[in-house]
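One chain, chain A, links the two complexes that follow: it is found with chain B in the first and with chain C in the second.
== the complex of A and B ==
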């Protein structure tokens, strides 16, 4: 007769570098229930907004997460700029798009590598991270930092990219497109990968929508929702189509991320062609007053930065809703009834970032 | 079902050389704007203290009385903010990453040669003071 037992998964686990803890109620190798536990790395970054002036806080907003750091900084800046009615120069908006898409490529390649590693496919893991180096090199050459870019600024961006460098970057990305294609074929066509991912971690479109999933988790369940469609920064001047898959399983979420890499290359290429000349920043003076919900699309999904000013140099409130926060209820749903051995793979498909989640 | 999808990459890896840099035999990659560590030219510093006021990590301390400029390398998170605000461009960002330390001796002290004189407060004439009163 089977017996229910509780198996702790994490916070330290070989598959996840993130300290996510799950209590898994297991019966006969089947997971009956998963209870998430968070709260291991809380840093109190949101309170710091009351101690730092609003232009200085960009540095802290960028350090919420190491992978999508530029997008965090940019979203915060967008919130403050809208609150203060600052018109950002067009060149700065295009540069923000370029660095956002580079961040997305970097994150997706990192995730694909970790995902291959969680399946036990170490060769593919190294292949993904080898390609990621090209992206990181370009980021360091243009922003000065590999992980923390430090290029977002209230009123524009800090650094410019010359047209020669832009051409070089586009040529480099076109060069790795072929290699990416080879790697994607392994992810999407190989029999061993397919047998590990197909029909695992099912999340129906209704569940995904009702539980508030965002990003590739939502688009993998055939819901075409992407904040980039709203046209923040310069996305309204570029051709953008969200990548949607209808498999509703781990394979579909993997495919969304894989195909978004090519969509990012296209966006960078188009932005590099359309980028106008001109200034990259405007001088911002005054003190913010009012409140604003700033939204942007991170590699993992939609991020919301809520900022509230009170007429002083220091903001009154700053609140972040990160994609991992939104994706935890769908994760619990996915884990119900799955095989115990599939838990690491399913958990990784939402790309949990506990640094983002707890701030 | 497709088998041996990885074969192309495997053959390519066999023929090509290693993808990684053979550090330290080969030098690491560096770019002109890479942020490594902050350096100062003590001869040009006017001890205005702008870098100290703008540093988000409170890593820089300018002591005018003792003619000293200090940076705590453990606190500094190499954001380039001090370099941007320096009015005389005496601060620069070096591309080399700073060396590792085994204990907390990361405070670097630089003796600056010139110290900006403090602004003298305008002395009010006794007649003006009386009229104000």
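== the complex of A and C ==
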């Protein structure tokens, strides 16, 4: 006779750099149920919106999460700009795309590394992070920050990239494309990796859709949905195709992220070619009034920033719905019935970003 | 600190940071910065750790977790607070769910400022912590001798 027991997972766990707690109800090495427990990083920064003026609040928005920091800042700015009817200069929009895609690359490489680590593939972990440093170098050279860029601003961006630097960046990315390909071959073709990922953590397209999955979790279950298709910032002027995989398992989610790296390189290259000359910011004055739902595609999926102004310098409300929040119900679904030993790998496939989740 | 008597292992816990500092701590372990060459390993088990690296200010739910982990680490041990959040609460100081810096809950030996703290400064902080660790070890030995007699 087997007995049900509850095994706590986290909040401090070697595969998670961040605290996430799961109560796993286990019977015979099989997980019957997973009960997530969150709140270990909750800071309550949404309330700071009432203490800071709206142009200044961008730096709080950027510190929602240190991985997708730039996109958070940008989405917040986008919300305020739309609310105040500010026309952002075209060059700024292209620069936003370039930095967003750089953030995506650094986030995906980071994730691929952690993911390899969760499978016990140390060498691959180191390799992914070695390549990531190249992306971070470009980020640092253009914005001054490695992980927190601080270059988004209400009305545009803070810094410009010269055309020589852009050329250099594109050449650099083309250079690492080959290395990335080699690394992806290990992720996607190696038999030991495949045996850890194939048919594990299944999430059917219906479940993914109904439970509200977003980002690679959704696209790995063959649903083509990506906010970049809506054409915010300068995406409507670039060729963009979402990456979709139909495996519905851990392997498919890994493949989506791996292939998105290449689509990011293409997007940066195209944006660097098409970027127009001109100013990078407009002066924004006045007090915002009204409300707006601003959406953008984070590396982990769709993020929504809701902003509400009340005619003063300080906003009345700021609410964020982050991709990890949306992906928790699908995660619980994936964990049901899985092997106990697969829990770390499956948990990582949604790329949990607890900093975002709890703010 | 002429040489290290022991490979110092570190335990990293995120006590409500934004992730920025966490990934920089991890970056220290990877090829560009590579602290593993000094015998420093990131461990998940508090009983194996000598250096406790904390990022982020402490929030209410984390108070007891941090205390619990701290108490499980055997003596001598050192605590390194990484990032301005861990030093003083940083930009989130006014948030309702923050205790402030790590030193509100456990004693801190080394403060590493920065937002996000750069890997270079994190390594500096850890090297400084290793010196303190060595001192603490000597002190412990002294005490043991006195008690032995």
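Criterion: the second predicted complex is superposed on the first by the 359 of 359 C-alpha atoms of A that agree within 3 Å, B and C clash if a C-alpha of one lies under 4 Å from a C-alpha of the other, contacts with A are read in each partner's own complex, and residues count from 1 in each chain.
Just so it is clear, a residue touches a chain if its C-beta (ideal position, glycine included) is under 8 Å from a C-beta of that chain, and two chains touch if they have at least 3 such contacts.
All values derive from a computational prediction rather than experimental measurement.
In the superposition on chain A, A:130 makes contact with both chain B and chain C. Of the two partner chains, chain C is the only one that A:110 touches; chain B does not reach it. In the superposition on chain A, A:25 makes contact with neither chain B nor chain C. Touch criterion not met for A:229: it reaches neither chain B nor chain C.
The partner of chain A that touches more of its residues, comparing chain B with chain C, is C.
In the superposed model, A:43 lies in contact with chain C only, and not with chain B. In the overlay built on the shared chain, the residue A:183 is in contact with chain B alone; chain C does not reach it.
Of the two partner chains, chain B and chain C are each touched by A:60. Contacts of A:316 after superposition: neither chain B nor chain C is touched. Once both structures are placed on chain A, chain A residues 59-60, 63, 130, 133, 145, 148 are touched by chain B and, in the other complex, by chain C.
On chain C, the positions that touch chain A within their shared complex are 11-27, 30-32, 43-46, 56-57, 59, 61-62, 65, 69, 91-92, 94-98, 115-116, 118.
Chain contact summary for the complex, chain A toward chain C: residues 11-14, 17-19, 39-45, 47-48, 51, 59-60, 63-67, 69, 110, 113, 125-126, 129-130, 133, 145-148, 353-356. Considering their complex, residues 1-3, 5-6, 8-10, 19, 29, 31, 33-35, 54, 56, 77-81, 84, 93 of chain B touch chain A. Those residues of chain A whose C-beta lies close enough to touch chain B in the complex are 52, 56, 59-60, 63, 123-124, 127, 130, 133, 137, 140-145, 148, 150, 158-159, 182-183, 185-186, 189-191, 194.
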